[in-house]
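Residue numbering begins at 1 within each chain, and the chains themselves are lettered A, B, C and D in the order written.
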């Protein structure tokens, strides 16, 4: 299952806060029933590629619906097809090597 | 018209060269008839959002078709809706401010 | 305090696994005594700008020391100077808006 | 020689235009005498790692000096040490494969 990270940068809002935008974007993932994790620098989620494309297309529209005139959206997809991968297994793999829980 | 930048990182190929992958990705944009620009760090193109989603979905599969087992694809979309924008106008806007052609 | 996210992509290693590289990069942040969080798609940490530049310079060398011939390192810095910000406060701000802990 | 791409996102400026910020960032690269290329989605330049760290540190401060309260700066470094690489050679390598100039 591919893993994705999405970030949105509303440009020209007049406010340095972006929390309202992020909260509404997270709601899209909630509505879609996708497994996600909010990080300080983006939102990570996992799903099929079809679900990822749909999620990104919907999330990209959120800031515009909230009044933004310009939005930069970034998406990163890590797609590993030689063995099962998940948000949890990726972090646990590093924790195991370090011999501690992060 | 939104502007997008895409990069692909094939992981675990055993070769430090990625030019073959990039060339085949560019062919997708050629086939779709999209306006694009190859930069040293990614490929920039412009199109409707629907065209961007389609292009990314198709390009993301290219390295797998070429034998890769893991691919990281990154996409950045700059979508400005308060005035017309294009790959060319963005660069020219900075050149005008600097008083020179870059 | 600025917040940073770093990712490394070793290119041409012949293995689809990157966990060994990530683990050694995290050790740099441990050695520097920086507060960090491992996510499925990168490592987020906070520190002064001087600490961030030092951390990135040191982490960028890790894969080469482990035998890589080509490395793509990405860094993202979110620097907010109108009010205190932290990895924790950014996530909590969104959780508060959503009325739940993520 | 490593190749870098830098982008800056001023957050909360009240204007959807970022050209003034980009122009001043490019001036830093001019002052440092670095070889660079402006693309529609970022600025690509090449230099030693020391030059790259210095350039990023200086460019990151530009929007703040211009009155911004929050800036997101992204940096990507492609560092290949098994053979010479340059901004020009990377693009030409793909053009050669495609049999045309892009």
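Quick note on the criterion: contacts are C-beta pairs under 8 Å (C-beta built on N, C-alpha and C of every residue); 3 or more make two chains touch, one makes a residue touch a chain.
None of these values were measured; they are calculated from a predicted model.
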Could you tell me which pair, B-D or A-B, is linked by more C-beta pairs in contact? B-D
Computing the C-alpha centre of each chain, which chain sits at the greatest distance from chain C? B
Counting contact pairs by residue number and requiring over half to coincide, which of C-D, A-C or B-C is equivalent to A-D? B-C
Per the C-alpha centroid definition, the whole-Å distance linking chain B and chain C comes out as 25
Rounded to the nearest Å, the gap between Cα centres of chain B and chain D is 16
What is the distance in Å between the mean C-alpha positions of chain A and chain B? 20
Give me the residues of chain A that touch two or more other chains. 11-12, 16-17, 69-70, 72, 76, 78, 80, 82
List of chain A residues in touch with chain D within their complex: 9-18, 69-70, 72
Using the touch definition up top, name the residues of chain A that touch chain C in the complex. 3-5, 16-17, 19-20, 22-23, 26-27, 36-42, 44, 76, 78, 80, 82-83, 86-88, 90-91, 93-95, 97-98, 102
Can you tell me which positions in chain B touch chain A when the two form their complex? 11-12, 49, 53, 56-57, 60, 64, 69-82
